[in-house]
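Below: one structure, written as structure tokens.
As written, the chains take the letters A, B, C and D, and residue 1 is the first residue of each chain.
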Amino acid sequence: MGPVVSTCFRVRYGETDQMGFVFNAHYLTWFEMGRTEYCRALSRPYTLWEKEGLFLPVVEASIRYKNPLRYDDRVRLKTSVREVTPYSITFAYKVIREEDSRVAAEGSTKHAFCDRSGKLAREPEPFYGWVLKQLEQTMEEVVPRERKTDIARE
Amino acid sequence: MGPVVSTCFRVRYGETDQMGFVFNAHYLTWFEMGRTEYCRALSRPYTLWEKEGLFLPVVEASIRYKNPLRYDDRVRLKTSVREVTPYSITFAYKVIREEDSRVAAEGSTKHAFCDRSGKLAREPEPFYGWVLKQLEQTMEEVVPRERKTDIARE
Amino acid sequence: MGPVVSTCFRVRYGETDQMGFVFNAHYLTWFEMGRTEYCRALSRPYTLWEKEGLFLPVVEASIRYKNPLRYDDRVRLKTSVREVTPYSITFAYKVIREEDSRVAAEGSTKHAFCDRSGKLAREPEPFYGWVLKQLEQTMEEVVPRERKTDIARE
Amino acid sequence: MGPVVSTCFRVRYGETDQMGFVFNAHYLTWFEMGRTEYCRALSRPYTLWEKEGLFLPVVEASIRYKNPLRYDDRVRLKTSVREVTPYSITFAYKVIREEDSRVAAEGSTKHAFCDRSGKLAREPEPFYGWVLKQLEQTMEEVVPRERKTDIARE
């Protein structure tokens, strides 16, 4: 399963709906944040892959919603790689409410390896070797500060 | 002008559009984050106000877009209070790209003071006194860590 | 499986991302539109259910993305009911690009029957009887005009 | 002021927030739909402009929110051109709740004329001449059916 990258953020007001909970579609937006932070935390930002001509369109997504989340809830999103095939990578996600460590949702997204023209790419390097290597490694914990709030008087 | 609260975050992939830049509507979503963090940083989370029966629906919004933002750009959103009247509060926002300190956008949102039923409320306490007091104060800088990414092996 | 309700709309600019295609999360937003139009087309708007105290939070969602969609593509969303159990209903969706009848995506969402307090409800009437009756019926085609564009000089 | 193009649609569930009304940012997304339908109704789809190398990034936006909208409300969005300069075009919007013809919001967006590289373009043809001609004309009303819902048994 390799490393698990945690990203923490808060639910935005606009992510709630009239039921008072986070609208179901936003979890997929969060999953993208999870993939982005996974690649960055392991030192290869996703922007690099696109610049090198590798695109990872989603071909499958699934989510099980277990407990609702509310505005301003602190969320911990745990992202890992579940499977790599010559033509695809599958990420797994766990969405946790920080306050009580309750699992809010679990899900996965499967991505095809594609080149700039949208054609399927087999074992695209250097991504393919990089990701396989990640899965073999035990990573130490790193805690880069990714968001901060500060107050100043201007 | 009182305190200025900075919140830092990264542009999400889903916030870009086919032009390659952040779609214009998302700035308003970010402004809401700015208001939320402003209240929290000054120790009164916005969730409290709603629980106490004060709602702040947006009655006006304006944005000037100056420089486009791209996926994964680090953004610093500076939020302050521009004006308080007996029936409204106006927040001002500056969106800055961290990489080069370039201003991406500036804007403001004006909010009516409303009670739970949606009726206009004059100088609603304790919010009204609280916010006026903030505007008089010089705040020290506080840097709570609001987002973090970490890696673990599970 | 009972009636299939088609809803047609166009891809919004803000629904695309920098890859030039519709961002994956928006399909879930569309699925909600499909459910809404399904209930309305069969003469019981979803707003009525909520007023009567029945809520249908999503507990599972899955999507297979087959062909990308672009800005301004005309989309036909076909919604039907796949399964009803005493505690849940599962909707199935097919997203079709009108221009060439190509399937863009397929998916499903499973919803729990819940009361206003969020508690699971068994065979909630009148919804439960209504939906079972729909599944038995062959519906005639109805074509209410749901969107129109017109030009006037003011 | 030239032609006024009306587009009708319904509020999506995911466009509401926990206050029970449409979240403020979505109006800007709707304004984009209004521009799109304006160009199409006047027989030059916006997709054409981008293909011909003209881009219209938003440089200013403003909205006055007058009455809240709820889930499933039918909305009529009236779009017109307020001003054209050699370097920009300003669209004006009126958002109306169909049920009672109440104005929900009014707003405008100003767009720069840019080429593919993002550089400002002066009086870009054929767009510039086309839009000026529109403003002189009195248009007859046309009512293309833009959305429909139908039921079938498969």
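Convention: a contact is a pair of C-beta atoms (placed from the backbone, for glycine too) under 8 Å apart; a residue touches a chain by one contact, two chains touch by 3 or more.
Since we're looking at a predicted model, the values are computed, not measured.
Ranked by how far their CA centres sit from the centre of chain A, the chains are topped by D. At the chain A-chain B interface, residue numbers used by both copies make up over half of all numbers present, so the two copies contact each other through mostly the same positions. The mean-CA centres of chain B and chain C are about 34 angstrom from one another, to the nearest whole unit.
Separation between the centroids of chain C and chain D, computed from CA atoms only, is 25 Å.
Chain B and chain D have CA centres that are 27 Å apart. Counting partner chains per residue, chain D shows two or more touched chains at residues 13-14, 19, 21, 23-25, 29, 32, 71. Of all residues in chain B, those touching chain C in their complex are 13-14, 16-21, 23-25, 70-71.
Chain B meets chain A in the complex at residues 1-10, 12-14, 29, 32-33, 36-37, 40-42, 45-47, 71-72, 80, 138-154. Within the complex formed with chain B, the residues of chain D that make contact are 19, 21, 23-29, 32, 55, 57-66, 68, 109, 118.
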